[in-house]
Amino acid sequence: MAHLNVALIGYAFMGRAHSNAYRQVGRFFSPKYLPRMKVLCGRTPAGVTTAAEQLGWEETATDWREVVRRKDIDIVDIVTPGDSHAEIAIEAAKAGKVVFCEKPLANSVKDAEKMLAAVKKAGVIHMICHNYRRAPAVMLARQLIEQGKLGRLYHYRGTYLQDWAADPNVPLVWRLRKEAAGSGALGDIASHSMDLARFLVGEISEVTGALETFVKERPLPENPKKKGKVTVDDASASVVRFANGALGTIEASRFATGRKNYNRFEINGSKGSVAFNLERMNELDVYLTGDDRAVQGFHNVMVTDGGSHPYFSHWWPDGHIIGYEHTFIHTVYDLLESIATNKLPTPNFEDGVRNQKVLDAMEKAAVTRRWVKV
Amino acid sequence: MAHLNVALIGYAFMGRAHSNAYRQVGRFFSPKYLPRMKVLCGRTPAGVTTAAEQLGWEETATDWREVVRRKDIDIVDIVTPGDSHAEIAIEAAKAGKVVFCEKPLANSVKDAEKMLAAVKKAGVIHMICHNYRRAPAVMLARQLIEQGKLGRLYHYRGTYLQDWAADPNVPLVWRLRKEAAGSGALGDIASHSMDLARFLVGEISEVTGALETFVKERPLPENPKKKGKVTVDDASASVVRFANGALGTIEASRFATGRKNYNRFEINGSKGSVAFNLERMNELDVYLTGDDRAVQGFHNVMVTDGGSHPYFSHWWPDGHIIGYEHTFIHTVYDLLESIATNKLPTPNFEDGVRNQKVLDAMEKAAVTRRWVKV
Amino acid sequence: MAHLNVALIGYAFMGRAHSNAYRQVGRFFSPKYLPRMKVLCGRTPAGVTTAAEQLGWEETATDWREVVRRKDIDIVDIVTPGDSHAEIAIEAAKAGKVVFCEKPLANSVKDAEKMLAAVKKAGVIHMICHNYRRAPAVMLARQLIEQGKLGRLYHYRGTYLQDWAADPNVPLVWRLRKEAAGSGALGDIASHSMDLARFLVGEISEVTGALETFVKERPLPENPKKKGKVTVDDASASVVRFANGALGTIEASRFATGRKNYNRFEINGSKGSVAFNLERMNELDVYLTGDDRAVQGFHNVMVTDGGSHPYFSHWWPDGHIIGYEHTFIHTVYDLLESIATNKLPTPNFEDGVRNQKVLDAMEKAAVTRRWVKV
Amino acid sequence: MAHLNVALIGYAFMGRAHSNAYRQVGRFFSPKYLPRMKVLCGRTPAGVTTAAEQLGWEETATDWREVVRRKDIDIVDIVTPGDSHAEIAIEAAKAGKVVFCEKPLANSVKDAEKMLAAVKKAGVIHMICHNYRRAPAVMLARQLIEQGKLGRLYHYRGTYLQDWAADPNVPLVWRLRKEAAGSGALGDIASHSMDLARFLVGEISEVTGALETFVKERPLPENPKKKGKVTVDDASASVVRFANGALGTIEASRFATGRKNYNRFEINGSKGSVAFNLERMNELDVYLTGDDRAVQGFHNVMVTDGGSHPYFSHWWPDGHIIGYEHTFIHTVYDLLESIATNKLPTPNFEDGVRNQKVLDAMEKAAVTRRWVKV
């Protein structure tokens, strides 16, 4: 069977998730091309060697420039911190590779646009990894919307809540420093909710709202007796308008005590509603005004029925749930099929640029205290 | 036993709820003064007579001015449409009566302030009826916050969602006309969420956001072939800041298909969180970071334990739930006890004015597209 | 308007609930005959006088025999302990009164049968108060079943769980003594689940199972240093068969820590299922195999829509919940309408006898360790 | 790194789940010995070849007798139908292999006992695959019980509900024929609930109850115009007693419309309760009487915190859920660690025998209509 050779640049949290996707996709799906886990690239030789063995990569490398130019590499997958995405992706595009990039596409609209220009110029397949689109329940929501089952869309209500920073004693880790992370809750997790909003409801046209840093100073990891300044947002809250007239709210926080990975949305349309919560990702709540009036109520749908739900025919019998990591397997599968049919997958760098523009508008709105067009 | 004579001005939906509270309070609680349902006042003689019989009032009247001056009346309870509150309340205050008024206090800050001035000048007891404060679960949330159980408060996340107007064929009823209703979802239901926010988190200092009218024209009730213009908001969405530094979102809609009376809030603090939904009003979800780590999770508390939960010792054994109407009984009970001890109850006209200022600021923010100080 | 004079014999917990029903029924419903709360009867003059004032009865009495013979009494309502039901009901029937009796009808099948014979002979209207049948959600379940929406019924799964006796330090109160209570969890709460089973699924034909007393001795209320023997069951667990072929389980316990009034059932049929929990009594979960396959899931129906749900047109707008006490108001309303139309209401003494026979069979099964026909 | 060579006998549904476990265990865990997927054994050469490629096995074989005697094989994993387990396991034990066997251990107590005798005589490590024990939430329940957090145990309430056979048009597949399947819902799924009962509460001492076949005849798969007799139970319902005095109910059905894989249990003890549902397997509901009274309620614990919950430090950050297949990975990991430390893992063949005895007692109880000692 035909293979596509993959080079993965980076091997932290997302590296584990992507590696698992490459290992597993051919075991449960039958893509036309199977991925071959050719080379793992990282800066420290010892680290990358250990990771490659653990994660299942054939070779290792420390110079991404060499790697992306290798003749035998078909797909360059970028899971490094956001500030390095642009450079790597542009080189990979120039070298004619399929470019698969973790979100956020870049740390600025400008960089994201350069990346988009590069992949377009090179004529290569490109994709951004917003894996939550590939949760079966989210894909089902999309199908219901496309089939008109919800009618005209009125509301998007998105929250992405975590609580790991709620304790002021949590030290000033890299995610809380702007120079390293680019942004706080906004770029890290609100961005997921925004992408789902665009995927399910449509383009966001304008935004307003606030960013807030509740705990301004924190102990330094290197010296807990000293404190350093937190330079990113702990939480973001916004009201958004969509091009199609829908009204939305998007909120993200690392201070929502008790919420671990609460990526929740609710969409209300004239004929029905859907509600999703990532912590119960195998379920979708669906309300339909067309039901008999006496039994109208949110259907709690287990989206695990291979006969009618996206992706599930490849997994287990109905009611046997899948987990977080499976959303990456679905994403990789769809990428492979896009390559096989030479069609541009979604979300791609175009989406990456648009998402970045929404993030940008939110940051401006927070500073100017006004509505900002995207 | 001592009685206080009540005059109720108005007898629609809220008239039924208040009448029930007067009938029931003495059956389950033992207030020092029992209310006597003396006179029901309404404009149409036939209507008021039928209502008085159904609801249990001794007498009827059609001229509220006469009624509020009657020597034998102790409490004037106002449940008429908002535009008449000011006039009636001011006259009642002048006559030295206890003034109990449905929300909103008035349709403008100016009127609300006049009412507050009048009751202060007269030195009478005054109260605004925000009955949801008296759901046992809401009162428990307040107690936990006051005891410091949630620590420093970071977030208020309030939604009040209904769906009765989502169908464009719903006719242009009075609630959809500004001249009659003053405001739409904002004044009608977001106002409840705002009052709960103030009760539980503290004063709101500034707001931004949007109002939206999704369906601009609707069939006239009197002639469904013709359409008339909807002049209030179908939905409101806002980001708010509190004086104590907390960040909030408050959203209200009559277009959230599947949500009937979904008055929900979640509050996140440094030591814990609470979440409430009026549709399950006998429950409060409580998260505490002080729990053993292995069993941390939201406690689903049935707030029906007479031994530890507000008001419930007067009702039924644990697990036997109460309903919507009981919140009015609790409110009336607290009013009666305030009168007996000559203490000003909360929420009172001061709260009414402040709530009105927040509503006002929201309307301005929607028009000016900026943050507006309250 | 025409009235029916009521005499209530007994005034403890159930007396409060029944009194409330008489006070409220005419305020929200429009029965042809209104109840007049004529006389409250109890053994101790002081107690009955206080109760009558609190609950709203016109007169008091201490001799039930005199009361049931009074010419001006139309309805005799019996809420005394179970061992006195038979005597009172039989006398009331002889006197030609409508007889309304709390569950259990009696403490033995024999007594129950005598009562049934008496009301039949006298030709009077009779009813047993199994108020949970009148929760709107339960009535909706019944309607769906009668309409064939669930198809052929396969399973009834009933639990009634409480936890007030789980602590071994709870003293030996009357409910834990057979001479006073007749039975423990079985007669007190499993009986409710059995009645719902009969109402919704059909007659129970045979039973097997166990009774258990976990804590055999408890401190005496009168002298906590001494212990006395617990003589009733703490829990019952049974498997039952229905005449129509359905298979059921019915379990009740006072030792289910965390469950306060968890009267839950689930019914599975060939075309659908329903699930109910009294602690969330305004909701019914409904599954229908006829839904589009992609959106099949339990509908969480708020049974509060006056336009399509039983009883609710008399209460509040959709989403505004009612409580435990309302089930008694519905029961009394249906009784009054039955009297007005001279039709025998359900459940009546026939049901009381049948329920008693099931309880009897369960006790025999526990002792003989075999299946017992009802 | 050291390896252990595995031979997998069988490759259907369970074969996929076990294969996945072998592939993944070393990627997320660091067992002392890694499994090497040496040989897959099945009856049809074509089938086994395709499966081996898909699932990742090095070699294939069609004669299990040869395979289990191979010198290079360390672990024999048996996932064939139950009637062949005994023969294979006994041969494998004789050959000195670690024997890992899917549930049920055998189709009769006699066979199960032979298997136990064989592994004991051979002195080999043995394990039965009851994977649900290794859901982190189930393991947490066990820990809480062992720590005494629930106090004395009173109740086990287990249901395992599915609905795939509720439609009478489902054909007479092998699972509905006794000669092929041995048993119906009882052996297939009630057995899981029984094993969890034994794991969490203790040994079952006696049982009573019923088996039921609702649909007696079904269309033949090979000729849908003809019908054949269903020879297994569609549902089982039982009351059980535990050696420690606890009372239980265990019910299983393939006719519970709307329930897909609803393996639920609730355990009530004197100090607390736990409730679990496999369809939401990342959650455990926990009630503790030691909580402050005002906030007592079931904690909805997400069992995904690597710092405090079993197995999760090997997976993803808190709130990122795992799925069905992970329970097998945990099982295999624990097996590998048992081998490394030469300790007998649980559940092992001893448990297999005891489970079989409970099943046996249930079948006898259904026939004799009496309580049967295990």
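Of note:
A, B, C and D label the chains in the order they appear, each numbered from 1.
FYI, a contact is a pair of C-beta atoms (placed from the backbone, for glycine too) under 8 Å apart; a residue touches a chain by one contact, two chains touch by 3 or more.
None of these values were measured; they are calculated from a predicted model.
Both chain B and chain C are touched by A, D.
For chain pairs A-D and C-D, the one joined by more C-beta pairs in contact is C-D. Chain A and chain C have CA centres that are 54 Å apart.
As a whole-number value, the distance joining the C-alpha centres of chain C and chain D reads 41 Å. One inter-chain figure worth recording: chain A and chain D are separated by 35 Å, centre to centre, where each centre is the mean of the chain's CA atoms. Residues of chain A in contact with two or more other chains: 259, 296-298, 302, 305.
Residues of chain D that touch chain A in their complex: 13, 17, 19-20, 23-24, 27, 54-56, 162, 164, 259-262, 278-282, 302, 304-305, 316-326. Chain C meets chain D in the complex at residues 150, 152, 154-155, 157, 159, 161, 163, 166-168, 208-210, 212, 214, 235, 237-239, 241, 245, 247-249, 251, 253, 255-259, 266, 268-273, 287, 289, 296-298, 369-371. Across the interface of their complex, chain D is touched by residues 140, 143-144, 283, 285-286, 288, 291, 293-302, 305, 307-309 of chain B.
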